[in-house]
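In what follows, chain A forms one complex with chain B and a second complex with chain C.
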Partner chain A sequence: MTLTLTLRTAPTVPLEADVLSPDRLSGVSALEAAKLTVVHGNQRADLGEFFQVGGAADGELHLTGDLAQVKQIGTGMARGRIVVHGSVGMHLGAGMTGGEIVVEGDAGDWVGPEMSGGRIVVKGNAGHMLGSARRGSQIGVRGGEIVVFGNAGNEVGNGMRRGLIAIGGDAGDFAGVNMLAGTIVVLGRLAWRAGAGMRRGSIISMHPAELLPTFSYACDYAPEFLRVCLRHVRGLGLTIADSHVNGRYQRWCGDGIELNRGEVLILDSAGTASRS
Partner chain B sequence: MGENLKVVRDATCTFCGCVCDDMHLTVDLDQKRIMKAENACILGKAWFREHGIEERPLALIGGRTATTEEAVEAAAQILAQARFPLIYGLSDTTCEAQRVAVAIADMIGGTVDTTTSVCHGPSGIAFEGVGESTASLGEIKNRADLVVFWGGNPAEAHPRLFSRYAVTPKGMFIPNGRKDRTVVLVDVRRTPSTPAADIFIQVKPRSDFEVLWALRALVKGRKVDPSIERRTGVSLAVLEDLVARMKSCRFGVFLFGMGLTMNRGRHFNSGALLALATDLNEFTHWVAKPVRGHGNVTGADNVVSWQTGFPFGVNFSRGYPRFNPGEFTSVDLLTRREADAALIIASDPADNFPKAAIEHLRRIPVITLDPKATPTTQLAQVAFTTATYGINVSGTVYRMDDVPITLRPAFESPYPSDEQVLTAIRDRVRALLGGNRLPAGAPVAAAS
Partner chain C sequence: MLVRGVLIEDTFAEAFTMRVARLVITGGTPRWAREAGLKLTGFATSVIGCKCEAGIERELSETETPDGRPGVSVLFLTMDKESLPQQLISRIGQTVLTCPTTACFDGLPDGPDRLPVGKALRVFGDGFQGSKVIGGKRYWRVPVMEGEFLVEETFGMQKGVGGGNFLILARDADAALAAAEAAVDAMANHPGVVLPFPGGVVRSGSKVGSKRYKKMVATTNDAFCPTLRALTESQLPEGVNSVLEIVLDGTDAPAIAAAMRLGIDAACRPGVQAITAGNYGGKLGPHHFHLRRIMGGESQAA
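Up next, the complex of A and B:
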């Protein structure tokens, strides 16, 4: 039996609910869960003031309602599953190490900051800083997967070190900025300055992209790893055409200012990439 | 001109971030006006001329005249009851007032943010990520033989930056002043600053990052494709020439403005320029300084950093400071309708914030401290009239190069200072809350 939480009273100011994580709620009854502490602005409050709680925790958590003002859901979770029937606020799955979060609606900024394992699936759009490092931090996502069916904002995968970020729609400016390694797949359009400062890692785009002057064209090929990667992304629910899987890609090396061992792969039928 | 004249020598102008401290003011004490401001630039002259004493009520509560004490009580009640209060502004007041404002934010578990978040905030983020090679304006005056202004118009915004520090003055190692310096100006259009430059580089709008990135590549000896010109409007030859000059100068300085920080790319633009300065230090000495606008915005950064560890956009909801631009910066949290009260000190967001943010300010109780009537004081629930810093109030301000300078006020004001009002509010809030609000969150996060 899962623990179900339905938003009853919308918070008037941001609600920080890092307690909403399957680990923390393990073995907790609905009554006990309603008494757990959340932070409403600058004051403590009971979870039950905002949520109607039902069922019992068995590692799965179902949240319902417009939770755009609710931050930090799934912080540090290591196992279990959270399903959100609605939208969520900032810092979803911050630093998570395992388990799965599925959001049926949109997610705010900072989805999965510095996560190291597990999976986050956002069926709608995600905000800025998807799977990125926190401000002042050099290393972002260390592992795990983030899948966004819609669009994502700026700085996708900032400082990413390992793992996979797949975006069904468009990505904003500076996707993969300061990337150390890992893979970012963007099925829509890449906005400006993708891969700025990247050392290693792969950014894959299915559309023409304007690259920085420090990226250089290497070759045109059909990398084997990409077939595996894209089939995996297809398995996660995104629409991957056979032409994507079997297509040839232009390989652009960068960032020349850094190690120059990163790559931006651009689907060849998408037309010629251009330098900025 | 009246009989009762006073001359204040070496007074400080707090209009812009240059904070010139060589003003000689002639003050008419009967009329409470500054008649003459020797050494002041055109902006400074206007600043001193326009700050006389206006006949305004000490305070307004809901538009009705009130005493300062009544207004302090009303303000303290609002702040003590708020759950997500915002304290904003602070760039046109003294450091002494700023630190009381931070104390209030800490006490009420609010957010403290300064006008930095809408000007050089991106540079503040970049400092954290990239670092800053820095210098005082005095060092720049005495040593800099290559000065690069990027995304600014100092001739109109900081007139004495040219004449006092960076272009014309003679310095210890710059004996011939202007003749010993090469001045480069990078901007998207010609401005009144352009004639002051030896080299003017006009970049296409929103392509500063590409230009800086190409410069970085060239400095590191990497190849840059000539197609850079199509994207940025700057030819490879111009960039190569600039790089040669930058590598061969003795002391180079970037002075960058909001043309860089407030266009697409934001903190990455500032970061690219700071990184370029770092790269150049492999060859010769280079520094980079943001050119700051308001008189004590640098003080705001310093005071907030000194008290919280972060320069702006700091939240205390959980009892400890958290820095997150985008989450805790004023425009963002007002646009998302999060704040439920605002204390605005010496700034005018209702005049320059985006419409959605101003609309939220109209929805929530706002407290203002300002010497003048502004669009923000007009929408405020509680509006204090305060004395003007530098003209009526003494204290400390920081010049744009982080040098603290003492103010020498010209004449007394019948109005209290920002510091006095904020101290009274702080004391009353403390009494209402019985000390600091208990940290809201720490124990919750204790599970491991």
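Up next, the complex of A and C:
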């Protein structure tokens, strides 16, 4: 039996609910869970003031309602599963190391900041700073996977060190900014200044992209690893056409102002990349 | 026991515990996957002279490989843990890395030991190589003149079985060869089994040591050489003028036993007088494949 929490009182200001994690709720009864502390604005409150709690914790957590004002769900999560039947607020899965979070709706800014393992799946859109480093930090995502079926905002994968971010729709400006390694797949369109300051890592685009002048064209080829990667992404639920898997890609190396070991791969049939 | 008039002798094949790895090699076309597999498993018939034994297990369709391309799976065996990674690194580096369009993946993801094969091969990239972690596995991208060579960082290793065998005793060389070919065809693509010798067949079965040359670790199995019938303690029944051997290596004893059953059954054809097997009295190898038990339907080696 899973622990179910249904929003009954919508918070008027952001509600910090880092207790909503399978780790924190392990072995906790519904009654005990309702008495756990959350922070509503600058006031402490009981979780039960906002959620109707039922069932029993068995490693899986089901949250229902419009949780766009609920922050920090799944913080530090190491195992188990959270399913959100609705949308969620900022800092979803912050620093998570394992387990899975599935959001049926949209997610706010800062999904999976500095996560190092596990998987976050957002069926709708995600805000800015998806899978990014926190402000002042050099290193972002260190591992794990983030899948967004819709669009994502600016600075996807800022400072990303390892792992996979796959976006079914478009990505905003500065995708992969300051990226250290890892892989970002964008099935929609890449906005401006993708890969700015990247040292290593891969940004893959299925559409033409306007790259910074500090990126240099290398060749057209069919990267073997991309076949494995895209088939994996397909297994995660995103729609990957055979033409994506079998296609040829332009390889652009950058960022020239950094180590220049990063790459932007652009599906060749999408047309010639251009520099801004 | 008779199978279609062929005597199945009451004896057993004696096999050894080895270390095995399974490689999945893919290519742009089946041809290039096969080319790499053939080169990789070349000169890998017997640990006596080659230090390893290997063979193509079966061809793989696009739906069976990590990258969705056609491929082959290869089993690779050595006698000890230490030499398997050495053999894999040198052979993959010379035969798969060099082969157009190919990539090399681990086929034993649950193998208890992990061999850092790709991790060693990556240095061919001279610092330009890069890695990717996809689905929890790390791959190395090694830049080559054609484009990139992709190899998984580690390969699984587990205990396997080497030296399963049976001998086809026939009235002449043509009948022995036809029976051997039928046996190999019947065992082709059997999961978990490879036949490391040319075409799966051995004409020069050996015995341990030498009667004359002290330094030789293996010499001709004179007891089964028809030309020596009058000169040695022959084990050949009257009327047998040619013997061929099938050697089987595999991931486990049940797989070898199952393949032996198919192969022996196929080999029981006109011109074949008996099927027997090679052993050392049961004192050396822990795996004993009793021919009559296998042909009676028992899958487990004794």
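By our rule, the second predicted complex is superposed on the first by the 276 of 276 C-alpha atoms of A that agree within 3 Å, B and C clash if a C-alpha of one lies under 4 Å from a C-alpha of the other, contacts with A are read in each partner's own complex, and residues count from 1 in each chain.
The criterion applied here is as follows: a contact is a pair of C-beta atoms (placed from the backbone, for glycine too) under 8 Å apart; a residue touches a chain by one contact, two chains touch by 3 or more.
Since this is a predicted model, take the numbers as computed values, not measurements.
Within the superposed three-chain model, A:40 lies in touch with chain B and out of touch with chain C [touch as defined at top].
Contacts of A:227 after superposition: chain C is touched, whereas chain B is not reached.
When the two complexes are overlaid on their common chain A, residue A:261 makes contact with chain C while staying clear of chain B. Shared-chain residue A:212: touches chain B; no touch with chain C. Once the two complexes are laid over each other on the shared chain, residue contacts for A:162 go to chain C alone; chain B is not touched. Ranked by how many residues of chain A each touches, chain B and chain C are led by B. By the touch criterion defined above, A:87 lies against neither chain B nor chain C after alignment on the C-alpha atoms of chain A. Looking at the complex, you find that chain A touches chain C at residues 143, 162-164, 183, 200, 202, 219, 221-225, 227-229, 231-232, 235, 245, 261. Contact residues on chain B toward chain A in their complex (touch as defined above): 82-85, 108-110, 125, 128-129, 207, 209-210, 213-214, 216-217, 220, 222-225, 227-228, 231, 264-265, 268, 316-318, 323-327, 338-340, 437, 440-441, 443-445, 447. Only residues 66-69, 103, 130, 132-135, 139, 141, 147-150 of chain C touch chain A when the two sit together in their complex.
Taken in their complex, chain A has these residues touching chain B: 12-14, 16, 18-19, 23-24, 37-44, 69, 75, 90, 109-110, 128-129, 134-136, 138, 173-174, 177, 192-193, 196, 210, 212-214, 216, 256-257, 274-276.
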